[in-house]
Amino acid sequence: MSDDLVTFGETMLRLSPPNDERLETAREFEVRAAGAESNTAIAAERLGAVTTWMSKLPNTALGHRVDGGLRQYGINTDVVWTDDDDVRQGTYYLESAGRPRGSNVVYDREDAAVTTATPEELDVDRIRNAQAFYTTGITPALSPQLRETAATLLDAAQQAGTMTAFDVNYRSKLWSPEEARKTVTQFFQVVDVLIIALKDAKAILNYEGDATQLAHHLASEFDFKTVVVTRGDQGALAWNDNVIHEQPAFETDTVDAVGTGDAFAGAFLAQRLSGADIQKALKYAAATAALKRTIPGDVATVTKPEVDAVVNEGNADISR
Amino acid sequence: MSDDLVTFGETMLRLSPPNDERLETAREFEVRAAGAESNTAIAAERLGAVTTWMSKLPNTALGHRVDGGLRQYGINTDVVWTDDDDVRQGTYYLESAGRPRGSNVVYDREDAAVTTATPEELDVDRIRNAQAFYTTGITPALSPQLRETAATLLDAAQQAGTMTAFDVNYRSKLWSPEEARKTVTQFFQVVDVLIIALKDAKAILNYEGDATQLAHHLASEFDFKTVVVTRGDQGALAWNDNVIHEQPAFETDTVDAVGTGDAFAGAFLAQRLSGADIQKALKYAAATAALKRTIPGDVATVTKPEVDAVVNEGNADISR
Amino acid sequence: MSDDLVTFGETMLRLSPPNDERLETAREFEVRAAGAESNTAIAAERLGAVTTWMSKLPNTALGHRVDGGLRQYGINTDVVWTDDDDVRQGTYYLESAGRPRGSNVVYDREDAAVTTATPEELDVDRIRNAQAFYTTGITPALSPQLRETAATLLDAAQQAGTMTAFDVNYRSKLWSPEEARKTVTQFFQVVDVLIIALKDAKAILNYEGDATQLAHHLASEFDFKTVVVTRGDQGALAWNDNVIHEQPAFETDTVDAVGTGDAFAGAFLAQRLSGADIQKALKYAAATAALKRTIPGDVATVTKPEVDAVVNEGNADISR
Amino acid sequence: MSDDLVTFGETMLRLSPPNDERLETAREFEVRAAGAESNTAIAAERLGAVTTWMSKLPNTALGHRVDGGLRQYGINTDVVWTDDDDVRQGTYYLESAGRPRGSNVVYDREDAAVTTATPEELDVDRIRNAQAFYTTGITPALSPQLRETAATLLDAAQQAGTMTAFDVNYRSKLWSPEEARKTVTQFFQVVDVLIIALKDAKAILNYEGDATQLAHHLASEFDFKTVVVTRGDQGALAWNDNVIHEQPAFETDTVDAVGTGDAFAGAFLAQRLSGADIQKALKYAAATAALKRTIPGDVATVTKPEVDAVVNEGNADISR
Amino acid sequence: MSDDLVTFGETMLRLSPPNDERLETAREFEVRAAGAESNTAIAAERLGAVTTWMSKLPNTALGHRVDGGLRQYGINTDVVWTDDDDVRQGTYYLESAGRPRGSNVVYDREDAAVTTATPEELDVDRIRNAQAFYTTGITPALSPQLRETAATLLDAAQQAGTMTAFDVNYRSKLWSPEEARKTVTQFFQVVDVLIIALKDAKAILNYEGDATQLAHHLASEFDFKTVVVTRGDQGALAWNDNVIHEQPAFETDTVDAVGTGDAFAGAFLAQRLSGADIQKALKYAAATAALKRTIPGDVATVTKPEVDAVVNEGNADISR
Amino acid sequence: MSDDLVTFGETMLRLSPPNDERLETAREFEVRAAGAESNTAIAAERLGAVTTWMSKLPNTALGHRVDGGLRQYGINTDVVWTDDDDVRQGTYYLESAGRPRGSNVVYDREDAAVTTATPEELDVDRIRNAQAFYTTGITPALSPQLRETAATLLDAAQQAGTMTAFDVNYRSKLWSPEEARKTVTQFFQVVDVLIIALKDAKAILNYEGDATQLAHHLASEFDFKTVVVTRGDQGALAWNDNVIHEQPAFETDTVDAVGTGDAFAGAFLAQRLSGADIQKALKYAAATAALKRTIPGDVATVTKPEVDAVVNEGNADISR
């Protein structure tokens, strides 16, 4: 069976001390698999899309920890396993806290196996046979090789008629605004559906206007089919066929904010792939993102009936 | 020493993943003993009533886990132990979360040992010798046998001069509104003190009015001594001798809402049994319910001085 | 891609208190997915076989907990999901301890969803297209429907040229020796590879001889291709083409003995499917079984290089 | 209902780091209620005796932690609660380890509430109405007041025809051999059943002979009804009616050795109270002691069928 | 290298059940080292001051647990170790909860080793060589000896030109308002920098005015160099050179409020010692106090860049 | 105060799943600071030596986790902190298990900050002022820079009259036998006290004889003051002044074998520095190594009295 959605990118081990403990004094870490493109894949799968995450991992217990961790959530994985000693499993350390401490991330992802992934070793035909292909701006930020690989995959997808979707996902710890702008605007040429946070547009495109203007501006300049602009708890909007659709955020009691945008993207794509119109897809995306924030970890382990309930009733609290 | 209060009903193992984790991805469960009638018994005991919970359990490590778990909180237990292989220990799986996810319950309580409990094997004299007897609408919902047994016990209690108290406690996962209405209104004939949530009145009695009207209506129709109507964070009121007493809810930082109503009922009964007037009993009930919500698990493991402090000062924060 | 091996049977939630704690006093349970046929599937997959576990689960968070838990270990799952309220997720409670306490199991698996599984709703073609099909004597012990379903699947497999493998796996808590004997000897008619513990032969076949005699006796009476007789820490032997192959057990520091036989079976089948001769398959089976005993849970989450190391060097202790 | 057995003594909070961690580096402690006389009470109750533990505790959350912890195991508690600020809840810190580290105990039990318990505030009639009364040499070691109180209780018991039992239980951290000898030999005058470890006889009675000689010697000198001498893994023996009965220890995989002697004493007394002869009582005592060593904590949370199984079959490993 | 700051006082083991569990039902305690003067020392060290905490501890695993726990946070410790059996390691049990339960503390700190500390055994020269010396009103409340010792140390410090700082820190569980007033006002004679909570002024000085009036009043009556008055979430102010400086509190999501005042004091002193003016020192103190409340435990394990970020941007949420 | 011992080398974060869980399925990791040279420093400090560990760490929460973790055990740390983004905190993942699985280590230590440490940024005078300086063969294996730095430090130490000690500590995952031989034999020129495992001599020196021959051979070839040869559970021996001293290993119940050799080295050096003769130093080394194996983590958090007890009585089990 061919995929509705294939995503490509890095997934890390996420190591975080429980119960607001600090990294500096931690005696235990919770271990999870986490990465923008696998987060998105899982959200899409949860909403009904047949989804595969594609990547490269070291053939160690840590690499298999990531692979098994993702399979557990229901998606398929298509992994290039490497025994090359010069690459490693990327990790990131996350310390969560409330105001005014906020969250703190220590990335330890240099030389990850995925940074050496070439189009030749990846199953590009799987992408060509899928309904949609997705990656984010994190991928090209990880290595020059990945910049080339991601561009090649997007191009191959678009040429094969696979819908290409791209979330800008700017990470200031990975590259400068200038580098990011140069690369992602090149990628825009082969992207059908763009997702961009308003704050990222400000950071890397030096954009000054509001979300509506941004969507129109990008759509006209790069000829996207759809542009989605997210604004955190201010909600999101989408430009499609020259029409703007708005969607407020749902109220949420946040326990873990990481992965909110990925949950949004995955749900939006799954809805679109199953035929939903833009407005409905945005609402499911917002509901899935809100549910994500109640779940520890990067991943939206929601169920379709729960998202339906939030969309229809505002919450998924089930009566006894 | 005879009991101030005897309660009768099912107590389950409550299995819940810690820290907002989902059931679907849980690697550990917290284990607790939980059930409406034992929750109520414990709250009453904590407020000073000598209390026994009466039930039937399988003679397995799980049944003894429930029994020991309840004894730990200070109450007495009077258990019919069965080695019958066709009955089991009821369990329920609880997943707690904030908005918009809310809580989710998976009941796994069919064929629980208690569903086969007959008046013949229970110590009905203990009920006859007690000051009060209490059960809830959950009990008759569990099996036809329990419907008969609960009716018999209430009847025996009332005939012996034991005050009968009943909390409607409608559970839509156990029976339909019609079944519930038919049964509980029959039970009303042998009940002295009725406790009913306004939302349950709406659900099963098709009641449309407000709490005051409901109390008057029920009192006149069924000749109760006392009718308590609860409205969640809107507070409660009680009809007694044709007078309505109101009590707002205390503000609370909820960590576990399950068992709030049971804590309310237990404290109300304990206060009444120790001679408090309706208004004071309502206030202690509201204070105990508020404290319950700060405690993980179904059970109000409060102390009398803490409840006194909340009643008198609004909180039990103890100075250093 | 078609499967090397398909297994069919029940997988339960396994709930066990950590650190030798007793069930009666437990405050937390470790949660795992566990079942003979999925245990075997995972061991086979770990040794290189493409494997699918086939079953029926309730469409609840608990059913998905089982499914995701198994996928995490690398196998595929082919699940019939049911929303039928009358069936449930089977569970078992395990308390582990050393001498003289030993382990204690409380089964709570009645009315599991799988007990209603019919051949019509299962994907019998997947079995027909596989190299081998496997189930155990637990499956027909669970319900009359499963007795029929398991017989039908074995028959369909054998007719399609799929190698059929069967582990007697007698469970005295599920059925009597007489019932077991009657059923499993009927099944023997459609089984190619039989695995049987010597103690089970004693218990249900009233067998008095030694393992060698048993293998010969069974092979001649039921026309098996292969008969494997296991004797715990006394090792195992196999009858094949009228030759007996012996294999001692590897020494092991046991932390969890549950699933040892399933690990043995899975490794034996994977080796046979990849062309190994009987002696080599037995050795890999014994090594995998020994490794299993060092791993908490029912499942042999080994790697092929580890098993190779145990086979070749007696241990998998990796140098720094 | 009157008691089969009443025990009197101190129960502490036991605080111990999990998993062989050291006290000096511990980040968490497991919390349990532990004390020789409550340990013994629980073992007796588990073997079928109706048992009450009598003591004095501070009226704090810690005192109630102890009380509830004991009730959970099935015994009754008869506690004098004190609000006196000058007394406290005794605690002990336990660090467990294998060879050559061994276990380490830090006592923090000075000024425990029980050290001020007087006969006047205790329910001596409960002792008079019981079949047997039990305390250990730890009790008089805790304070001069307790020396007097324990003597008074033993005397009152014996005068009322309650069988008195006493375990010497020498603790070198609490008093010197000389003090201990002087006090316990006075106590011997009012003791019917003496339990003494051979090593304690060596330490405080300067005894040089073997266990048989010790039992004869003590029986003739102090006119005991029964003398039990324990020798750790060398087994135990009992002198009764001038006959010596021997009992080897059962093999055990020890996870927690604390409380072994208390389990032995409780089972021995329960058996004697239910009419068992000395030999049978010794065997049940040895079996219960062996089971205790497989259970974390001070307490033998065994079941009667398990002890039966060890007595009859050498282990309680239950078949599946 | 000489110290910027030396603090003197008691540090206890802090034992607290995780996850809002109650002391009465706790099965595990988190273990931390906690005490006003070590809390303050750590906050000062984190802000850049070279700091030593001075005290007396029992030479047991518990005493070393405290010492190592403090060294872990970066400060130096200068400990008098005692093998005296009559003194012990002080502990306190903390139960945290939201409204209306609040927190509850059970002190178990009588006979702590520090209560016998004399000036002769302490390294007074270290204090004389430091820039500043700090203790709180808890220290003299613990024993008559400590009253004398603390007075002697403050006096020696002031005579040597070491700046003396004192936080009134009234603890109603340790002494009466009258005792406290008498002692601390004597101490005021040798104090340069006074820190006092407005509520403590009300409790022990019978003070009725507002914070500004209090600061002026105390400054004129006792000739302090600086008076800091804290008002919880109402912020703080400082009198210095006859000028009042105000500082509001930062908004915070509190997970553990204990130690807030100590964090404030430590940061204030560190800033002053590094040359900051009063207003800047107050702002850093408020920021450190706010960060503290997001951290479990008594201790402000902050970093200087985090506090800078809160001071400059209102939060320390670090971008990815 | 000058140091008795300075050690130099890498300390990593050690991440290991609890309770024999596998890395591939871990949900939590225990976090510890671990490294040969800090392990040795701590053992020496515990035996009474004033000790400093010297290294270079990233100025992140992870680097400070290591530093604080080591300070907690009582040693001093002298750390070069770097904000260089191109270096990182080294980690290693440890999976422990019994036979036949054994332990498994995944190193993730490339580009650790320490690999860039130069003599210029380190406090060489501290080494010159110490009694002894210690490093191991792991250090030069980590980078060419460290090869140079370690050589420079050893040379500077020896020239200043500081005793130089070196443990060969061959790690096959870090370099080849040839590289190791070439480097460590150069180091031997500036080493006074050599510690070498017999198996390492076999691996990198192609040595074929027994331990005694090895010691003589090395002593004569490289002019060492002392040569210690370790043989695991076969004990150790030392050559000194042309005399061989033998020491068997103590029996131990191992819970964590990592760091055994480091504990041995630290205790041996501490004893020698405090004037013990070779035989006594060996015995203390063996006792400390045996105690280490009962303690989770890399570090011998023993006390001097415990080691005394093992040396004198064979165990440190403390009587109650």
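A, B, C, D, E and F are the chain letters, set down in written order, and residue numbers restart from 1 in every chain.
By definition in this document, contacts are C-beta pairs under 8 Å (C-beta built on N, C-alpha and C of every residue); 3 or more make two chains touch, one makes a residue touch a chain.
None of the values given here were measured: they were computed from a predicted structure.
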Mutual neighbours - chains that touch chain A and chain B alike: C, E
Pair sharing more residue contacts (C-beta pairs) when B-D is set against A-F: A-F
Option reproducing the contacts of B-E, where over half of them reappear, out of E-F, B-D or A-B: A-B
Equivalent interface positions on chain C and chain F, same or different at half: different
Superposing rotation of chain E relative to chain F, computed on C-alpha atoms, to nearest 5°: 180
Relative to chain C, chain with the most remote C-alpha centre: E
Greatest separation from chain D - chain, by CA centre: A
Whole-Å gap separating chain A and chain E, where each centre is the average of the chain's CA atoms: 46
Distance between chain centroids, defined by C-alpha means - chain A, chain D (Å): 62
Of all residues in chain F, the ones touching two or more other chains: 19, 22, 24-25, 27, 64, 68, 72-73, 104
Pairwise chain contacts under the document criterion: A-B, A-C, A-E, A-F, B-C, B-D, B-E, C-D, C-F, D-E, D-F, E-F
Of all residues in chain E, those that touch chain D in their complex: 15, 22-31, 60-62, 64-65, 68, 88-89, 91, 93, 95, 104, 106, 108, 110-111
Sites on chain D touched by chain C in the complex: 18-19, 72-73, 250-255, 287, 290-291, 294-296, 301, 306, 310, 314-320
Chain D residues within the chain B interface of the complex: 68-69, 71-74
Touching residues (chain side chain F, partner chain C) in the complex: 19-22, 24-25, 97-105, 107, 171-173
